[in-house]
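Same chain, two partners: chain A is paired with chain B first, then with chain C.
Now for the complex of A and B:
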């Protein structure tokens, strides 16, 4: 096993777990049932601690241990969770994230710069435990290292649970690496007395498949010793890289055993055997139980592990020798192993670079396919045309499947804002909640990654400027608690993300006054509401009276707009005074390949994203006007020929492509319709950054380049221009 | 005259140059800038761009913009002849400040020229600083004037000639013009005007 790879996996997993932990913390319902959330948080902390232990990351283990102890106390109801503790635990999450980041940067020790923070957090954690311990009569400062009174003890002979329990799984290559498992056990015996040992041979394949050079064995050992954890682990130092070692201290709580069972790697391990080997039952109890079992064996229902005695656990419970909670954990473990197996098979982690490569190749494939079909048409070969049409059908499916791989749900991005809202609300001293809707809407991973920052800006802005202080809200007859809403949905080939607040709304006069003051608009110009609102996206524009460290500096909204435009998206703001503000961001679903529709004007071929097209009709204008009659409705149109200053007379039979983008519907007059085309988007050189109506380019089957029209920008460029439309002068 | 500070003071001038013709005049660019030379082929025009941006071509799957050098030097749009070629050049991208981070690296651009001549060797000793007046090309486009076979050849400062920032600025101006109603007498693009 390559340690670096494993460490990478640890880092990735830890980040995910910390994310889960954070989410669970934020979603905890202080008043209601919190056991599920607490368990989730505990599991995350525990897994991080366990994995960190494997890598000897002592600083992480030490810190997580304390966090875990507190969580454990909460789980057992000894400590009551309160708001302050949630904030503390969130800070702990941050601290752990910091340590994980440090690890990713190659720092394997605690960072001295942040050690003080860590120490402070630890003290607070201990205080919470200590405080509540005093209430319950427990002694203060007792960490899990010491046995805690009142903890459920394992049944049976008291002497037995005074042993350490060591759970060993040797790696396959141990023998090949020149290590002999027996030697370790012998060495272990020098530290104390091996009270009992069982060999776990479940991984042993049938003799025919067995590789004699591999080690398939694991051991469960009850160990009587006064040595400490480090000393015992030290025995296995030489093999710890490819071995799984778990230690349970003497006099441990039931939960420790429960966790051990959960953590063990064995495939549906024999429950009964595990219980015995955990040291939770004595040999005498085992003998009794076995005797009982052999009598009832005939009655045991056959399952997939029919060859192993399956029902020892229930027998032990029936005999009242094992706490039901332990059996339940073991049962859960069995179930989970099966479920996990299924899950593992269903999803794999793939480097996103590999996906990008795949998408690139699919893009090339589409272009090559288009070329083949053009040649087929040129040669008038029916066979070739048939073959290429089958091919292009398949390629289309491959494309969709490949793009699908990169689609992720927006939910994860949205949920990050729970934390943001929580923290920022605290910082601002406002009471603000977050409602999230449409988490299941999917969009391209690249888009998701890039949308985070602009959204962050919008949310912070809404909280700082949008939501009024509680007293103002109450005076206005609104609930004191402000609400931010994140919403996402699909609409004609785009994903729409809305950030809304129920705050004071934008003040038109103020924005306009400021804009005039800054010379952004002429004082005598009449602006529509939408135009005024959109002024907030101008660079350096801010109407906030005071600058906070969150927003108000006037940098931000223009950056938001620029970032979104760079993703071929658009941003819009709507507001009603006193009611709130909604910022609507519209983004393309994917950045790589789209379904396009080819149109021709003179010699130039353009691609229109198919999702924006409603229909195509024959050109017919009302006399002297630039609109036509679409089944009784007025359809204003843009002549592409005039807009782009293409010279020459139009063809005799022009067509109108009916476009819809957001709420705007318009026609686009073109010479010829050429049909659908799978469009691989090729970025245009930055020298074309000023060309508003073109979003990219593509390569046609003939090898020619076609430009992709940016329908949103196109419609915006003529919106409200009225008579100034170049088409009239042409 | 001894060799004095020339425009590209920081980088030593390469000694090999590709010479080409624009009209009757000979120019040269450092060979290290040149990726390849291709024959002229029809290209897709990009609307609302200044005259000096001729269009985009498909260079083995990459979409590459082509600049009309003649138009860039303010001499009118080049006529396509038998020997018209496109020099594919690579220039370092300075990028403007606002988007500098996104636009670092190399830019590949095509230059439309009337004819490509040869690769010649010009010793640094044979390169003179451009005169402060008297050239009909903008002084900042000139890296120096080389002597070759008893003739002068203008060595171009490609980073300036193919400057993205400047072309963007030009296109911004073009776009602004086109917001106005279109004056009937202004023929925007010679290529499409049959009567010229």
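Now for the complex of A and C:
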């Protein structure tokens, strides 16, 4: 067994569970029925604790244990959940996330830097449990004698075993590799005393199928030793590739043994017997732990149909019998296997690197297909051309299917904002809710990753500047609770994301006045409403009247716009005074393949993203100048030939491609226009990361490499020149 | 029990991976020769996992086929392993304590 793999799984699962926990906490209805949400939260904490125990992550176990204790108290109605506790539990979620991230970074111990935070949270958790005791207990001396349920529970939960429990499953080939499991057990005995041992021969096949040179045995060992985990694992160092080793530390909680039973391949009932046999856990302890788990699982699966006979375990527990309760574990395990299978059939977890690799390969396929069709044309072979045409049709389908694989729902990103809105509303002292719509809209994973920050800014901005204080809202006849709405939908090859608020809306006069004051527009220019609203995306523009905690962070709407434009998207704002503001972000569905336009300079071919091109015109320059006259307006241009130092004389008829990026417009002088091209974007090697004006490369049907121009960067260089032009003229 | 009903087999020397495959055939064949098989282990000087597995397989096959298998005269090498692995109950034979 590869421990690293298992640990990775643990990290991934923990993150998911913490996400679930956070969502459940945010959606909890303080006034209404909360049992379902509390169970969900409890389950998440409980599972993390159990799994962390498997890896001896004591700091995580210790922390989750207290969280779990509080949740348990809430579940049993001993403590009443309030707003303060939800905030506290959310902080606990964050702390656990921090520990999980630390784990992912290879830190297996508590981080001393954050230990103080953890201690503070623990104190608060205990205080909430203690307060409960004070309320229900005798009022007089309540403060003096605060019982600590957390500590008591730990005592009740921990097993009595002072022994390590070692679970070994040797691989089939171990004997053929010259290792003898018995020899390892003898060697183990030198580190301590084998207090109990059960030999597991369940894997032994029928006589006819049994190969006497393969190993079928496993061992459950209770081991009395002061040696540490490393030392015990060290015994099995030579067989670690050929043996599954599971260790449960002395005095571990019984639930960890139950986890062990679940992790092992054999029949849980047999395993339970064996654990009892080798003395690692007593029958009563196992029964108690199982009873507790079956309770929580029974709560978790209320949809059990009536024709399922009552669970054996629960009956036995109710009857006070203990020994056959291990059967319950067997039933649970069987049920889990069925459930897991059903889920596995629906979806599988794939490393995103593999998908990226697939997209890469599809890209190669498109290029190879283009090459085949070029050859077909060159050879004038009808048959070959027919074949390549069929091929390219299929390749296109494969491309679309592959790109679809990388599509993820935006819901997960949206749901993160529940927390943001909750926290920021608190910070601002406003009552604000979040409505999420269109969570099922899909977009490329890379886009999702990059859209988070701009969206965050838009949401914060809407909360800070959009939503008015409660008294102003009430005076305006609106509900005191402000609403932020996130919406997503597809529209002609792009995804549209809207962030709206029902606040005061943008005030045109104020924006215009500010823009004129800042010299962004001429005072006598007539602007449409839309143009005025979009001024807020200009650099150095802010209408915030007072600096709050949120504004004045040096990030303005212009940065949002730049980030979105970098994703080849656009952003737009609409508003009606007194009703609210809606910011609309439009993004391409994918970043891997774009519509490009091919141009040629000497032998080099370049790709320009099609959506940045305004028009193509015949080249005509003012003599000796780097600008031309486009219908009476000055059009600065860049000669691609001189920009990239391409050798050779210009052709007789050069062309100018007019580009527009944001507010900047410029021309690009090229030799030949080659037309549109489906462009598979290939990133450039990091060596070229310093090269400006190139954003990537692609491969043409002829096999030649074409560079993709970074229009944003190109036009920035012109902008500098544009500023210099009037100076020269003067 | 008549003499024909009990088959005797004695093993000696090293019972290990090198002999395991042959031993498996030998023991299973002996097992099927009579309702009861008694294996004398007095001469066994070494037993390894592979050898032990063959004995365990024989015991389980015997149980499945409603035959009997008894191990007799465990040598110290065998006792050592049966005790360490807590297999006394599995084989169900009286193990002689060697002085």
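The rule we apply is simple: the second predicted complex is superposed on the first by the 379 of 730 C-alpha atoms of A that agree within 3 Å, B and C clash if a C-alpha of one lies under 4 Å from a C-alpha of the other, contacts with A are read in each partner's own complex, and residues count from 1 in each chain.
Following the convention adopted for this analysis, contacts are C-beta pairs under 8 Å (C-beta built on N, C-alpha and C of every residue); 3 or more make two chains touch, one makes a residue touch a chain.
From a predicted model like this one, the values you see are computed outputs, not experimental measurements.
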Exercise for the section: Identify the partner contact of A:215: answer first if only chain B is touched, second if only chain C is, both if each is, neither if none is. Expected result: second
Practice task
Using the superposition on chain A described above, determine whether A:118 touches chain B (first), chain C (second), both, or neither.
Solution key: neither
Practice task
Pick one for A:686: touches chain B only (first), chain C only (second), both, or neither.
Solution key: first
Handout entry: Chain touching more of chain A, residue-wise (chain B, chain C)
Key = B
Exercise for the section: Once the structures are superposed on A, label A:185 by its partner contacts, choosing first (chain B), second (chain C), both or neither. Expected result: second
Practice task
Mind working out whether A:198 is in touch with chain B, chain C, both or neither, as first, second, both or neither?
Solution key: second
Exercise for the section: Once the structures are superposed on A, label A:712 by its partner contacts, choosing first (chain B), second (chain C), both or neither. Expected result: neither
Problem - Which superposed partner A:438 touches (first chain B, second chain C, both, neither) - result: neither
Problem - Which of chain B and chain C A:647 touches, first, second, both or neither - result: first
Handout entry: chain C contact footprint on chain A (complex, rising order)
Key = 170, 175, 180-183, 185-186, 189, 194, 196-199, 201, 204, 206-207, 210-213, 215-217, 219, 277-278
Practice task
Please give the residue numbers of chain A that touch chain B in the complex, ascending.
Solution key: 364, 367, 566, 602-605, 642-648, 682-694, 697, 699, 703-707, 724, 726, 728-730
Practice task
Sort out for me which residues of chain B touch chain A in the complex.
Solution key: 42-49, 53, 55-58, 61-65, 93, 95, 99, 102-103, 107, 109, 164, 167-168, 171-172, 175, 178-182, 184, 188-189, 192-193
Fill in the blank from the handout: In their shared complex, chain A is touched by residues of chain C numbered 17, 20-21, 23-24, 28, 47-50, 52-54, 56-57, 60-61, 81, 84-87, 90
